[in-house]
Amino acid sequence: MNISLSITETIQDWLITMMPEGVASILAMTLVALIYLAIFAVAGLYLVLLERKVAAWFQLRIGPNRVGYWGLFQTMADALKLVSKELTGTVKADKFLYNLAPYFVIISSLMALAVFPFTQEFQAFDINIGIFFLIAISSIGVIGILLGGWSSNNKFALIGAMRSGVQTISYELSVGLSLLTMIVITGTLQLSEIVEVQKHGWLILQGHVPAIIAFMVYMIAGTAETNRAPFDMVEAESELGAGFHTEYSGMKFAYFFLAEFINMFIIAAIATTVFFGAWLSPFGITESLPWLGIFWFLGKTLLLVFLMMWFRWTFPRLRVDQLLTLEWKYLLPINLVNIVIMAIIVWLNLTIKF
Amino acid sequence: MTNEALQSLISSWIPDLEFSEEESQFLNITVTPEHLHQLMKDLKTNKETSFDYLFCLSGVDWQPELGVVYHLESTTHRHMLVVKVKTADRENPTIDSVCDIWKTAEFHEREVFDFFGITFNNHPNLKRLFLTEEWEGFPLRKDYEDEINMVIK
Amino acid sequence: MSYFSDIYNGIKTLLTGMSVTGKYFLTSRKGAITQQYPDNRDTLKMFERFRGEVVMPHDENNEHQCTGCQKCELACPNGSIEIIWDRGIDEATGKKKKFIDKHVYHLGLCTMCGLCIEACPTDAIVWAQNYENSTYDRTQLTKVLNRPGSKVKAGVED
Amino acid sequence: METTAVKSNFKSEEYFINMGPQHPATHGVLRLLLTIDGEIIKKVEPDLGYIHRSIEKMCERDSYQQIVHLTDRMDYLSSHINNEAVCLTVENALQLEIPDRVQVIRTILSELTRIASHCLWWGVMGMDVGALTTYFYGFRDREMINDIFEETCGARLTMNYNIPGGLMFDIHPNFVKRTKEFITHFKTKLPEYDTLLTGNIIFQKRTKGVGILSKEDAISFGASGPVGRASGYSCDVRKHHPYSAYDRVTFNEALKTEGDTFARYQVRIQEMWESMAIIEQLIDNIPEGEHKVATNAVIKLPKGEFYQKVETARGELGVYIISTGTKNPYRVKFRSPGFSNLSLLNHIAVGGKIGDLVASMATLDLVIPDIDR
């Protein structure tokens, strides 16, 4: 049985007292979905604000500081502006696919959020193939990008979309393999159980050297997976203008934009869950207060998000062939060797456990 | 090489060149359009002159002649030379291109074509550079008139 | 072996790069180089030679120093100065003399080259240091520099 | 990274793409017509004239003092050097004896202009290869120079401080102090440029071996400035045809032989060090004296042709004036460095990828008003 009580069950139990079971479970699912949507739409907006603030501090600027205290409502105002803007499009665009693409991207990134164990209780969907689900879902987003780039009938967008296809297919492999390295230790794909294993020390400590290598590979591949600098071949504003979303405006553009930030959050959250013990506090210092787990989870995630922002605001962009060289010549062989080393370590029982 | 040495050397190649050093800090050679390409090729390839750097190519409307002025420098000997070519035909002026000798001439000659209407023979891509294809007239000629866009003081 | 040293050196250069931006991130509180422009109008002071626009200073008797010699008009490359002048009779000497009716300055045409101020023999026009020259209406950019009823200061012509 | 052509049965088609006139990498209104096969560039054809103002024609109706301010608007990043070029041409034609003070001040300002231009270039170069933060670091240092200009000349960009015969007015009392402050500041910041970008492995991979220009081609294409010097072609006008106070300072001509994008980058970084060295030699001993010599209110050049070349931040600027002895020039031609440097873009970009084109275009350091004049 599940160790963690999932949020869905809590709501469902509460609803069953009022109505028949079938209706209750459907209603519970809808309710949970709406809660997640509300939370992460706002969270995505604040990630944008965080990015802008962090960028400003890297660049000797102040950053948004007009709308609300410390610019706290800046991105809200931006979103409001984007909602009110005209939805333009190109004449010869494939209208259906053109309109479909943003929803593909945003839905795939929101779906991935369902499985994260934010605290012991706060987890919408504790599926037993959690990691597998995440990897599968996160690769759907690229279909949206490809659709958007192709259907908008713009050559810059098409080049961006094709680059994105190449990039995601390649880096998916490294993301998957580096997570697989860690699964060798845990022996399970279920996220709640991965957290349970880490009660004896976070996996990055348990797995020591190969785990650190896997983490580094994961962060590089994960950054590439979200199409962020230094791997932003897809947008590459100095080369392609805006890349695949050149022809999008208003809310449809906002979906792409929001999806990028939620994806960044997801990549960091996976790393938190798999490498840094999710909601577990360091040395169990807040074990008696399980609800504090959310702060630990978000804290670790945001730290990794900050790392990705630091990458973005420091490094130049790779060229498209160097991007593939990095993956196929460096990351992939390292990863494969790393799995073998990890397997040997686990086999010889050399992992560090507290 | 000094200007005198250059003059004596170059005058032995092609007859009827006009040399002048007045009113200019360089040695000026005036050449007819027929001999231009031959002279330029010699100036570049000859070991003693080796003018391998064409640093300025300007069209000039001398009224009534149209012409082109080539400023040449040698990066090995560091001497400089000015070659001038003039044509009296204002309707359909034609001069040989020097693109094959100095690659930089391609853009400069397109500029001259654009503003002076001088056609360059054997130019690989002679079309208007700055102005639109349908522009009428050649603005840097002295007789160009445009009452809307030109302010005359 | 160079494969591994490549990776090592690569990561090292990336980390040194990150240390530079990281340093500025940590000192960002005092390091901002941008200005809060419309808020700092009160403290924003231009240098005294800053070329904002051409003005003609008048003293307390509403007198300026422009004799209407038109040197600025000639010096201006863009025709942004027009002097409308007239002839009158000097009250003191009874001789005929030239005086300006309007010193018209088209700020919209001005390129702030400063040739008019260089050319002025009596220092009648100077640079002002204002920097907010935009208006809602283009006609407001055409200014008359001499104030109504003003006249030339005595003794400037000499 | 070399790309080997893969023979296959797939039919591939070349297509056109319009880069510009509104494109982030073209730094202005340059339009490039690219012929592309996949990501590989087959042909680059620049389309110019989006901001052509025909400055050469305008000069024909202006007096010699008035020409100067038009040159501010050509290569606006080295406006002081442009002004100086015109003034030198006129002064040489009139055979004026220019005071030492003027020459030294002109040289200092020229070198400050060069540093300012290269600072901006460095920021934009980083931005073009994807590192956005460099832009702000470059601008921070450039702002200090702009403040020096504003205090002394009255404007930050289009200064028009030179007049035929000298300077419009004497330097501001703070000039020396501020310049020294800048030099000490910049000496600590320039090494940071290297740690942030030059050493970065991604940057090196992006630039090394990209956009190679051989020495022969550089001379043939009329490349000048850092573009020519990166190909091993010694073309520094300050060395070969010294003007103003360049004959009394010692500096090294930054030369590289690789001719690739990275070499052009290094040459510019090296030039900033050299410029600082020149300023340091001159700033402490600016001779006393007049800031201009008197000229006639209406300058009439003697009949003849006058040519003057100077080294702007982008390369060799030539001013060619034909005078018929009247107060207006008969014909003025500006040989702008950007125009010649642009003509070799097709040569160095073909065979590379779109990213390579952007990187090599960044090191050509094109300023579009300079090309369009």
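Read from first to last, the chains carry the letters A, B, C and D; within each, the first residue is number 1.
Rule of thumb we're sticking to: contacts are C-beta pairs under 8 Å (C-beta built on N, C-alpha and C of every residue); 3 or more make two chains touch, one makes a residue touch a chain.
These numbers come from a predicted model, not from an experiment.
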Steps in the shortest chain-to-chain touch route ending at chain D and beginning at chain C: 1
Centre-of-Cα separation between chain B and chain A, whole angstrom: 63
Where chain B and chain D are represented by their mean Cα positions, the distance between them in whole Å: 25
Gap in Å, rounded to a whole number, between the CA centres of chain D and chain A: 45
Touching two or more other chains - residue numbers and ranges from chain D: 62, 133, 136, 140, 196-197, 200, 202
Multi-partner residues of chain C (at least 2 other chains): 14, 17, 20-21, 33
Chain B, residues touching no fewer than two other chains: 151, 153
Pairwise touch network: line, ring, star, complete, or other: other
Chain pairs that touch, as defined at the top of this document: A-C, A-D, B-D, C-D
Chain C residues touching chain D - in the complex, by the definition given at the top: 9-10, 13-14, 16-17, 19-21, 33, 46-47, 49-51, 71, 75, 77, 111-115, 118-119, 127
Residues of chain A that touch chain D when the two form their complex: 55, 58-61, 155-156, 159, 229-230, 232, 236-241, 313-322, 325
Residue numbers on chain D that touch chain C, as the complex places them: 62, 65-66, 68-70, 72-73, 133, 136, 139-140, 143, 150-155, 158, 160, 163, 168-169, 172, 192, 195-197, 199-202, 204, 297
Residues of chain D that touch chain B when the two form their complex: 48-49, 52, 54, 56-57, 61-62, 92, 217, 219-222, 224, 233-235, 240, 302-307, 309, 316, 318, 320, 322, 331, 333, 335, 339-340, 342-344, 347, 372
Chain A contact footprint on chain C (complex, rising order): 7, 14, 17-18, 20-22, 24-25, 28, 31-34, 36
